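What follows is a set of structures for review.
Below are two complexes that have subunit A in common, paired first with subunit B and then with subunit C.
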Partner chain A sequence: MQDMGIEVLFQGRNFVRLLEGLWVTVRISVFSVIVSTLLGIILGMIMTMKNPLLRIITRCYLEFVRIMPQLVLLFLVYFGLTKMFRINLSGEISAIIVFVIWGTAEMGDLVRGALTSIPVHQYESGKALGLTTVQNYCYVIIPQTIRRLLPQAINLVTRMIKTTSLIVLIGVVEVVKVGQQIIEASRLTSPSAAVWVYGVIFFLYFIVCYPISILSKRLEVKWRN
Partner chain B sequence: MEELSEMKTPGETLVEIKNLNKKFDDTSVLKDISLDIHQGEVVVLLGPSGCGKSTLLRCINGLEKIQGGEIILEGEKLNEQTKRMHLIRQKIGMVFQSYDLFPHMTVLENIILGPRKAEKRAKKEVVKEAEELLQRVGLLDKKNAYPRQLSGGQKQRVAIVRALCMHPKIMLFDEVTAALDPEMVREVLDVMLKLAKDGMTMVIVTHEMQFAKAVADRIIFLDNGIIVEESDPQTFFTNPSTDRAKQFLNLFEFDAI
Partner chain C sequence: MDFNFIREYVPYFVVAAVLTIRIASIGISISILFGLLCSIIRYFRIPILHRLIDIYIELSRNTPLLIQLFFLYFGLPKLGIVLSSETCAITGLVFLGGSYMAEAFRSGLEAIGNSQIEAGLSLGLTKSQVIRFIVLPQAISISIPAFSANVIFLIKETSVFSAVALIDLMNVAKDLIGLYYKTDETLFMLVSSYLIILLPLSIAFTLIERRLRHAGYGN
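Let's look at the complex of A and B:
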């Protein structure tokens, strides 16, 4: 009988191992996304300030992180730090550091864009109502900023989740790596396992990312009405 | 028309502006302006674009930093960037040219935000008042609508209600009909006329001359950052004393071809 390769998924702990790999992916992503969102909001607010020195510093940071491929950043942190400063970080910690550096820069720029797109008269009418600066931000500016930010922020989050597949290259065993291991182990017994394993990985990424875009669509619709 | 243009007996002084100077970088926009606004008075600021009338209005609400002089509201100086500025602003209602409703809130939420958060009043009481005010401007049925579902004129009426719900001592109107279609202008001006009749102290910047004539107790004509002429509307529109004002008023007249 022709070998279908699908049974590889159900051999031993293979499927559970894939899920464990997914958990590593999700764990790194969720942590990085949360931290970069918080830091990104702060960075975005700093970027709207008029101080020229702060502007130059944040601009340089943003451009540096944007120009640099994420893989190079990963190597810089994982191998570079060890070589230069004898700091030995685990792959997972390095990955989180890189994703936070990257996510903060991107999120900061999105927040800056959203904040500056709020018309001046929105700030002024809040003030004219006698709201304090804090109240003005809480009730008038930030709710509008979040609404403008949401589509791009969700896009960034899914990009971050997908980019975690790069961390295979610094030795973190996440979902893609587990898949490769399974394929390698069964290369002789079922050569067509790769299709099935990568198919499952595709599906796993999908079930992580799809609910996020559904949520964002829901919120967009809700806020439009 | 006649009874409105009669000079009212001036109430006590509500806003005192003394030697106000305002610059944008090196350009002087307001030069040594002194002006008293009395309780219950309707002052209309007229003048060509860029003469400083909107800036003057914004200074009264502390939205602009001033470079000299002082503005005093009920004995309290407001040109210092004090921590109390938001408290002073609660006494001043302002409506802007651009529709300035908060797009993420319904009409009712827009109106009760200030009273609820800035003044910390009870929700029930504020909602009741908001509904009464909406009724008065004929928009009660729109209370749960979002700003983008309203026409320009409706938005401005809501903006007026939002300012009124704070029980301001004085209302400032900054070219509130300038961005409106002609048919919408009337409904907004009617609301303002009603307010004036009810004795609200108002400072109005407008380009609607007929309206200015009808609503004003006093016309202030500004040009180039100084008060060129100050008189009652009757005198101003029929017999202006300065050439500059005559020139300005002529802009609104058309000769037959």
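Let's look at the complex of A and C:
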């Protein structure tokens, strides 16, 4: 065993570069999560309206986005949109567009589920106690909705971070791409670097996602009733 | 839209779709069995094993499939374990799917109250009979919605198999875009292929869920 390949990680700035790549991943997903949360809340409210036309449109959007693999959506935006409208989108911008479109659909469905799971008697007893509509929402409905929504919304964040690993396939330089560059650069000096680099990336994703999913699980247990 | 182009290259997509379906069905079947096994081990808290499975589930649920595949396909050969792309894809899918299925079954198992098990035992059933005739049938029907969501999710995840050199739908699409620059036609075929695979499945699952819920109201 003259060469383990692990020392590649500590040569030069390799490890720092991996972390910088991870930062690109996290940045894209955090940005998309924030935008899609805002849009998703609006979408969820629209979906609870009684208007049949709006219902059909939102339903079609939701089903299409949820049924397409995220990689297909990335291809549609990165290759399709750019050619159709003759615009030049960078990989990072198209990734953000896709994650916002996808996240909005997922979030909208979560919001809709949370809103419709509040029993009607909650609205009615609020009204019977003499609360105004605004008070009713502020003190009765929204606190309950948030309790049902937040654990799943946090779970969506981890799903989004995991899905951002796909953007390497449309040429965004993030943690996986940096890993590949490191492997290629040290191909001759340490051929077995791949196992270490991919292993480290695997654990980097785990370190980022694990606390978030623990938080989601805790909140779910805490707010069960 | 160039329909001649579409007609000419549809067979490529059919072949790729068959490959996707084949790998997905093998991978998903194994992961259902694996997940069921894991959830039973966790449910009965079999010593040591259930700790290992807890670790496995956390690891696999908190990392993306693409990285798992890269590790299997590019990493493991350096340690002397060479897997073909197909084995790699199936292994990756089972590694990911097993934990998701285990979680789905776990929620079903937890929904079965202790009174059910105790009632079974007091009727003189053995422990394995209680599992087979009382716990599993109820647990499985409760976990159907989560289970069907997982099946759709796993089929969607198969789209990353192009990254380990498997000629699946994404790979064919990428090739055609690169070779002929017929982006619109290729993407149209790509989207339709996935719709043809996933839409009937999604509708079928919705119907099954509705039926099961309908049955649940009878209690």
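Throughout what follows, the second predicted complex is superposed on the first by the 215 of 225 C-alpha atoms of A that agree within 3 Å, B and C clash if a C-alpha of one lies under 4 Å from a C-alpha of the other, contacts with A are read in each partner's own complex, and residues count from 1 in each chain.
Assume a contact is a pair of C-beta atoms (placed from the backbone, for glycine too) under 8 Å apart; a residue touches a chain by one contact, two chains touch by 3 or more.
Every value quoted in this text rests on a predicted model; they were computed, and no experiment measured them.
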Exercise. A:Tyr139 contacts which: subunit B (first), subunit C (second), both, neither?
Worked result: first
For this session: Between subunit B and subunit C, pick out the one touching the greater number of residues of subunit A.
Result: C
For this session: State whether A:Ser125 touches subunit B only (first), subunit C only (second), both chains, or neither.
Result: first
Exercise. So, A:Val176: does it touch subunit B (first), subunit C (second), both, or neither?
Worked result: second
For this session: Check the residue A:Leu89 against both partner chains and state whether it touches subunit B (first), subunit C (second), both, or neither.
Result: neither
For this session: Check whether A:Ala194 is in contact with subunit B, with subunit C, with both or with neither, and answer first, second, both or neither.
Result: second
For this session: Using the touch definition up top, name the residues of subunit C that touch subunit A in the complex.
Result: 58-59, 61-64, 66-68, 70-71, 74-79, 152, 156-160, 162-163, 170, 173-174, 177, 183-184, 187, 190-191, 194-195, 198-199, 202
For this session: In the complex, go through subunit B and note every residue touching subunit A.
Result: 61, 63, 86-87, 89-90, 92-94, 96, 98, 100-104, 113-114, 117-119, 146, 159, 162-163, 166
For this session: Enumerate the contact residues on subunit A facing subunit C in the complex.
Result: 5, 63, 67-72, 75-76, 79-80, 83-84, 158, 162-163, 165-166, 168-169, 176, 183, 191-199, 201-202, 205-206, 209-210, 213
Exercise. Contact residues on subunit A for subunit B in the complex?
Worked result: 119, 121-122, 124-133, 135, 139-140, 143-144, 147, 223, 225
